[in-house]
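Shared between the two complexes below is subunit A, which pairs with subunit B and subunit C, respectively.
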Partner chain A sequence: MWKGVSPVNVEHIDDVLVIALPARLDAVGVAAIENNLKEIVTNHKGKVIADMSHVDFVASLALRMLLTNLKAVQPLGGDLRLAGLQPQIAEIFRKSRFDTLFKIYPDQESALVSYRSV
Partner chain B sequence: MMQHTIEVPAEWSSIATLMAFTDQIEADLGLTADQSYLLRLVIEEIATNIIKYGYCEQGCGRIELQCCYEQDTLRITIRDHGTPFDPRDHPDPDISTDVVDERQVGGLGLYFVREFADQISYHHDETSGWNELIVIKGP
Partner chain C sequence: MLQDLLRTIPWFMHLDAAQLDSMVTSMEQRHLAAGDMLFHHGEESYDCFIIIEGSVEVLIFVNGTEHRLEVYNAGDIVGEMALIDRSPRSASVRAISACHLVVITEVEFKTMIGANPELAMRVLRNSTTRVRNTNQRMISDLERKNNELLKAYQQLKAAQNDLIRLNRMEQEMAVARQIQESFLPRQLPQLPGWEIGAYSRGAQAVGGDFYDCIELSDGRIGLVVADACGKGVTAALFVALSRSLLRAASQAPWIFQGGAVLDAESILTGALWLVNDYICREHGDNNMFVTLFYAVLDPKNGDLVYVNAGHNPPLLLDAQCENLYELPEATLPIGIMANQTFPSQRTCVEPGYRLILFSDGITEAMNSAGQPFSDDRFHDVLREDGYLGAQNLVSMIIAQVDAYAEGAPQADDMTLMIITREA
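Right after this comes the complex of A and B.
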């Protein structure tokens, strides 16, 4: 388990781990959270939601980080679903076709519902 | 025409400096959300490439970033003295697969810049050794 102060905001809702990602996922922002995020996600081994409603910038490094976590959690029977993408973030996902790799929901609540309905 | 210029050493800590510069000028220039996003993409994807490959992380070169705003159009000019590299020549990444395990992320950064920009030009000056990349985004 992560022993230090968590740089990402984590919440457990039933059996779902909800992670609130910070606003700026540029090189500096990714470096600040990526080790912590991977540890939290792989330790949880289950249903994860990344709440991106506060995220206003992502670039290729952030996509790499999210894909790495998706690849880590899926073989463990889990999933990483994304919620609350702002329009420009959604555009990045569309242009890179990352929207075909992740299940994406308008907000955290609908992402939670998607897990309950399984 | 409004213009802002910053020059930074070609080292990793300069990326944060350039991002802070963007925070500072976007309101001043009245950039649209798409223009601000493109400016951050250029810093994140182009400036990091210059530090990593252009100057081979030696930390001894310079990067100059200039933003001109005229008639609702943003012109971003980025200059460096490292190894020449024309981002327009870089092949598009393979984004065709929907299979998570097969998906690669290499090459996405330059692809984003090309996709978000209206126009990109590049020039390497043989005499001075300077590279100049100009990225244009209208309203």
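Right after this comes the complex of A and C.
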């Protein structure tokens, strides 16, 4: 379990690591959490949910950060699923077709259910 | 009686009664209130003083700040240095409390010393101690100043190195910018019945956006607008890589030779497969990607075959400047998944229609309140000014975006390409 000071909000629900991402994922926002997030996700190795309900801006670097984490957990049998995308964020995922890379759920609860039903 | 008072002071103890009497007869006395000056630094007066009562301080002024060097009390001699070497006063002396002093002239001084060689020794000792103290103070002062200077020099040197480094970086960035500009088409193709206008501006010295017009066989033209992930140098390197690969793959000899003209679908899917696979294979660890719209336009009939690799959907504006259509269907961006296929889509740019390719730096340009220019504003400008020629319409949109942003610093690069077909 992560014990250090973390700029991202992390919670363990059963065997699922739930990460609440901050509102602005622009270049500065991404730089602030990128390394920390990678460390948490890589250490966890398993089921991860990124709760994006607070996120109201994503730059392309944020998509890259999520992709990097997805690629880090998938070979270990884990997954990174996204929850609670605001409409304008969902639109960015649709246009860039990143919606085909991730399993996306309306909220954290349904993302948790998706892991339990496996 | 002054004589009785003087007898208690060592300076006068060894004088005989006659000597003391004769001295007292001609002796001047001074009374000072606290704060009164006895003499000033630089003053040319050569008497010295013996304090009968009270205390005085010896002062110097450095850069307008007062420094106290010594304090003298009853029985002490003050100002004998000027008397001995006939030089102007080396410091100022001020009374700390009410003072009673006697003035000693050179003649009296000699008499006193003559009467008691021990006194001469005492004067010498006083002077020597004073010189020693002054020396010590000067040396400490010099050492301190030397350290300060050394520190200031080191800081200056570090700042200068930073400046040199910064300067060199700026020069390198200027060169990089020039090179990057050479990655944009030197001139846009002139096609009868068509007009192409384009614009690209980086948020930093070098950018992550580019556009391109690639000459293809049979008079066809490849139109590209792309946006590499991130911005600045990292993105610029990826722009250089993907733009060059795409151009080389599109203009490979097999596309021009071999008799039969290669169809647009094959050019697109072949070039994109190659570029994507190369980047995934060689640079996959970086997880960098490029969103890219690539279309092959046949100016003879307006046929447009395209692949949209995760880029903002381009827009088609009808001849009446009333309706805008988003070009549908997209694939993942370039650089994410190796061995990916890029199925192409097909549409037609009808006479009088305009095709608008852009990067999200246009619609997401922020004003100082952090509000984006937005799709809605972009569409409004297109409907309002869509009748303009391609290059004028590009300039109009950029002017509108700039007016909206009011000079607020932009986070993203802006790229816009407009292709208009005569009605």
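The working rule: the second predicted complex is superposed on the first by the 114 of 118 C-alpha atoms of A that agree within 3 Å, B and C clash if a C-alpha of one lies under 4 Å from a C-alpha of the other, contacts with A are read in each partner's own complex, and residues count from 1 in each chain.
By our rule, contacts are C-beta pairs under 8 Å (C-beta built on N, C-alpha and C of every residue); 3 or more make two chains touch, one makes a residue touch a chain.
What you see is a predicted model; the values in this text were computed from it and never measured.
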Partners on subunit A (subunit B, subunit C) - clash or fit: clash
More subunit A residues in contact [subunit B versus subunit C]: B
Contacts of A:Ala27 with subunit B and subunit C, given as first, second, both or neither: both
Touching partner for A:Lys95 - first (subunit B), second (subunit C), both, neither: both
Contacts of A:Gln74 with subunit B and subunit C, given as first, second, both or neither: first
Touching partner for A:Arg64 - first (subunit B), second (subunit C), both, neither: both
First (subunit B), second (subunit C), both or neither touched by A:Asn35: neither
Contacts of A:Ser110 with subunit B and subunit C, given as first, second, both or neither: neither
Superposition clash, subunit C versus subunit B, among 117-125, 225-233 or 297-305: 225-233
Contacts on subunit A seen with subunit B and repeated with subunit C across the two complexes: 26-27, 59-61, 63-64, 67, 71, 95-97, 100-101
In the complex with subunit C, residue positions of subunit A that touch it: 26-27, 59-61, 63-64, 67-68, 71, 95-98, 100-101
Residues on subunit B engaged by subunit A in the complex (per definition of touch): 12, 15-16, 19, 33-34, 37, 40-41, 43-45, 48, 93, 95-96, 98, 100-101, 103, 105, 108-109, 111-112, 115
Complex contacts: residues of subunit C adjacent to subunit A: 227, 229-231, 287-289, 291, 310-313, 330-333, 336, 411-412
Contact set on subunit A toward subunit B in their complex: 24, 26-28, 57, 59-61, 63-64, 67, 70-71, 74, 88, 92, 95-97, 100-101
